[in-house]
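Below you'll find the structure, written out as structure tokens, and then a few comments.
First chain written, first letter: the chains are A, B, C and D, and each begins at residue 1.
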Amino acid sequence: MERLSFDLACPGAPAPRAPPVVVGVVASGNLEVLVEPGAAPGTCRVEVATSARGFREIWSAVLDDFAGRHALSGLAVSVNDAGATPAVVSLRLDQAVEEYLGGAR
Amino acid sequence: MTAAELLLSLFPAGHSVREEGSLLLGSGASPEGEVAVLGTAQGLEVGAEEALALAAFVLDVVRRHPARPLLALLDSRGQRMSLRDEILGLNGYLAHLATALELARQRGHRLLSLVYGEASSGSALALGFMGDEVHAVEGARLWVMNLPAMARVTKIPLERLAEVSRTSPVLAPGLDNYVRLGAVESVWQPPLAAALLQALRREAGPDRRSERGEERGGRLLARRVAEAVRGGRGGGG
Amino acid sequence: MSDRGIRARHSYREATARRRLAGLLDEGSFRELLGPEHRVTSPHLAALDLPAAFDDGVVVGAGLLLGEPVLAASQEGSFMGGGVGEVHGAKLVGLLERAARERPRGVLLLLDTGGVRLQEANAGLVAVSEVMRAVLAARAARVPVVALVGGGFGCFGGMGIAARLCDAVAMSEEGRLGITGPDVLETTKGVEELDASDRALVWRTYGGKHRYLLGEADRLLEDDLEAFRTAAAELLRVSARPLDLEELEREHRQLGRRLAEFGGAADASEVWRAAGVERPEALPLLEAPEFLRAVAGARRGGR
Amino acid sequence: MSRTWDQARRDRARRLARARGVSPEKWVDPQRATALLEALLEPGDRVCLEGDNQKQADFLARALSRVDPARVRDLHLVLSVLALPEHVELFERGIARRLDFSFSGPQAVRLAQLAGAGRIEIGAIHTYLELYARYFVDLTPRVALVAALAADREGNLYTGPNTEDTPAIVEATAFRDGVVVAQVNEERERLPRVDIPGGWVDFVVRAPTPSTIEPLFTRDPAQVSEVQVLMAMMVVKGIYAEYGVNRLNHGIGFDTAAIELLLPTYGEELGLKGKVCQHWALNPHPTLIPAIESGFVRSVHAFGSELGMEAYVAARPDVFFTGPDGSLRSNRAFSQTAGHYACDLFIGSTLQVDLAGNSSTATASRIAGFGGAPNMGADARGRRHSSPAWLRAGRESARPGTMPRGRKLVVQLLETFREHMEPAFVERLDAWELARAMKMELPPVMVYGDDVSHIVTEEGIANLLLCRTAEERAEAIRGVAGYTPLGRARSVRAVENLRDQGIVRRPEDLGIDKRRATRDLLAARSVKDLVRWSGGLYDPPRRFRSW
């Protein structure tokens, strides 16, 4: 397993507080994403545990784009990954945040 | 240890346990009165017929001998693995055996188990591990899978499994590991009759295996996790 | 066949453990216990450098089913084959103990598991044993426990026993139930005993239809979340299976008859024929409602 | 000087005379099959051993592999698909030496090994149409060994639903004085239809076991992923609806199966029924059943058949080309022609794409060949009739000052990463390395970049028709190459610019809500659902059943 952590700069008002949400499953080529309140305002903390080693740069690029798509200020995102492709990772990240924000309404 | 030697050692005052087709059925005399004895010998793999015969014995004891203690003696490599047994629903037969034992417990029968040979999978679950207390004799072999087979199935290198097994009781077969996990309450030393008598005199209680596992350092999370869920602590509501 | 029928269905088999719970219980009513944010993951998987899941592959909690309070657990078959390890098993045990204490309307076990998680072999075996004892203890406390089997991984190993300790079992045709699963059987006894790649044989043997016909499953459902929801509610309503001598003796006679009648069958289809099904070869092709009509007179036991 | 003009005919007569010594009758004792071939064949002969995409003359292949190499050797084998172990054995035993073919599928690795060891001379690797064409030009078989379902006493052949290559092979052989031997599964007094007249067939032998046919086109809907659903939504909305694609061919991957399964749901919702996807050159894909049943599809002409689809096809004669008995009449040569000239769109998956849009499924150490995809996946330069989709594609790619013409839509589908995080977008195709290792004259490119109109990935659609320069084209490709190294090397500004021009389109640019990209959108999610859609007529092969 490789553990990666990222602090994404997320300007803007903190995301609303909502119950934690988990989306996806830890199965080959898939991942689970947990979104919860937790990080300091202005940032989004992402912790990744992945079975595929050596893809830090790709994670970083995927997460930067993710932060560009959503207002993540103040959120903590945790990922257990079993070798998902970036396409699946992006899809799950989006689903998780959308579900989290849906729960805040 | 053979079943005959074991029975002699457990019941010096005599017993009527017959071994038929590697099934043990009968009773033995103890200072606390008659003890109903059921079990398996010679590593018997328990199929539908055997599970049904054992359940019949339990129901008979419940019907005819209220509160008589039951002692399960286990030497079994597990359930019988065959297409025919699966077609018949062997899981249902084993569940019936386990339920019969639970009925006995609910009706005040003391349930003791003693592993004197092998114990694994289906028969361990439906017979041996159903006891209020599970004990073993020295040399008992409890297992799920040997490490080489586990390495093949899980695709984890054998060396790694062996390495982890040096400190963790979770992977490798062995009596000590099951003691540490809390699955086996104690290892009985001769004279077995004395150990049996002590056990018969103790009160039955709830399933305490996860507590034992925690005390003995074999399972550090099981009790705490179960308690957290049971008590509702950490609920998301 | 109306296309609407196919489209409107929400597959139980395809849904994740969480989605199954959400679809089964009253909308928005589920409250998870020891949820993923607590990160109670398996230390044994970590020791082997394997990926963990925040819920260790099982979701447990409380919710409402048609307005009545229930406790429920849902195994995620695609995480480690739904295997029961120390934490996973303890969550199931804790839930069942909570049921014995709180006395809800019932407990739903959404089982999708190969049994013991091999990577935690010994701890898994003990955990399955504890789950079995806890199911029986909940029943003894008169809390009905219902098992639902319709996931992609079936319900095998010790959890196959646990399922049958419950008051009732509901299965879809796609669900599979047994103790020695097809892969283990092929690996241990050889491909002559059972060819695990022969899907028709596997489902004929372990699948919902055969289990229903034997009386091992009490309901045979379409692979549809709504069907499982309806069946779960109904099974909680009908009387629980009493844990008493009379009931056990009745079941004992039934299991004895099964051995006498079908003990010589080399294939499940021989059981169906012997049970009096008119065209046994046609059974696998039938949709659930037609199937139920076709076997109405041939079924043994079950409720 | 007098010259003989019928040498081939005399040669044929000599061969037949020898063969009559083995079998005086047209119907040959199966046990004498090898003896018959030894009598008919001469060293160096060009032999067509029918091996189609699905149907295989497997009994005759086995008989041929048992001939005495001292008598029959150095054959020049021509066949479209080299799929059987016996095919490879012919080369290992020296019975055959030279090979012209199209596709090698399951034998791709052994073929590469034999070629590397010099045991096999490869003439050329063709597309199907090219190979059939050469049967009539310079690769005419001396002897053809073909397969049919049944024959009558006179040797008329009934091929059943898998007619495939047989007419092309027999036509070329029989009319240049070659010899035709057919294996059949059974003899029937009356055939449901005659696919090959008995006068073109010299010998018939009943195979002890039916010829093997593989269900190559059955895709289990259960295996379709969410990402494939998303890509299929983009194709339906961003290409089929935009261009009004009405005549088309699909590849055989799960991503095109996803499109087929989306027509009755997403396609219907977009109001596309009767507007797109009405005419197909396609095998009877089981995943097309829901689209047929919901009224999207008006006709399907097939290259070959598909196991399990027999009763369904027979019950839908308005859709499929069928004989009087309801059985499918396929024809690979005609369907390939239809795919090339009469279709407005080809869409298929690929494994690798470079920055020029060239795509290849070649990987080192395998010689897989081409099959039919390049015939579909190429602009038909000889096409003259027009259709709205063809005209619009032509307009989009028109350069100022050039003669207006139409253009075929050739769409390549791929996820940016393959299994094990292998990038699908590469600087240099593996095909280059394969060509070097196998000493091929050209890298085996499946679809050339200048034929490709669109590349679709999970990130979006790149419309290459609209690109005016090689640089713009490369940037558009980077714009859908996701997080691969090539994708990450994009200029963000340039890609945004391309988005403004509609050259790169993201799901959101197409008005597609990505959250809807779930398997719930599939009209069928299992093989069983397909059986339900077919009203029980589809009879899937065992391996696809759980019942």
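Throughout what follows, contacts are C-beta pairs under 8 Å (C-beta built on N, C-alpha and C of every residue); 3 or more make two chains touch, one makes a residue touch a chain.
Because the structure is a prediction, the values reported are computed rather than measured.
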Applying the contact rule given earlier, which two chains have the most C-beta pairs between them? B-C
Quick one: point me to the chain whose Cα centre is farthest from that of chain A. B
Just to be sure I understand: the centre of a chain is the mean of its C-alpha atoms, right? Then which chain's centre is nearest the mean of all of them? C
Hey, how far is the Cα centre of chain B from the one of chain D, in Å? 61
Rounded Å distance between chain A and chain C, as computed from the means of their C-alpha atoms: 33
Distance between chain A and chain D based on Cα centroids, please, to the nearest Å. 42
Could you give the separation in Å between the centres of chain B and chain C, each centre being the mean of its C-alpha atoms? 24
Among the residues of chain A, pick out those that touch two or more other chains and give their numbers. 20
I need the residues of chain B touching at least two other chains; which ones are they? 236
Where chain C touches two or more other chains, by residue: 35, 37, 50
Chain pairs in mutual contact under the definition given at the outset: A-C, A-D, B-C, C-D
Mind pulling up the chain A residues that touch chain C in the complex? 1, 20, 22, 24-27, 30, 32, 34, 36, 49-51, 78, 80-82
Residues of chain C touching chain B in the complex: 31-35, 37-38, 40, 43-44, 47-48, 50, 60-62, 86-87, 89-91, 93-95, 97-98, 101, 116, 118-130, 132-134, 136-137, 140, 157-158, 160-165, 177-180, 184-185, 187-189, 193-194, 205-206, 210-211, 214, 216, 243-245, 248-249, 251-252, 255-256, 258-259, 262-263, 265-268, 271
Per the touch rule, the chain D residues reaching chain A in their complex are 226-227, 230, 415-417, 420-421, 458-459, 482-483, 488, 514-515, 517
Where on chain C does chain A make contact in their complex? 16-18, 35-37, 39, 46, 49-55, 57, 76, 78-79
In their shared complex, chain D is touched by residues of chain C numbered 1, 3, 5-7, 10-11, 14, 173-174, 197-200, 202-204, 207, 284-285, 287
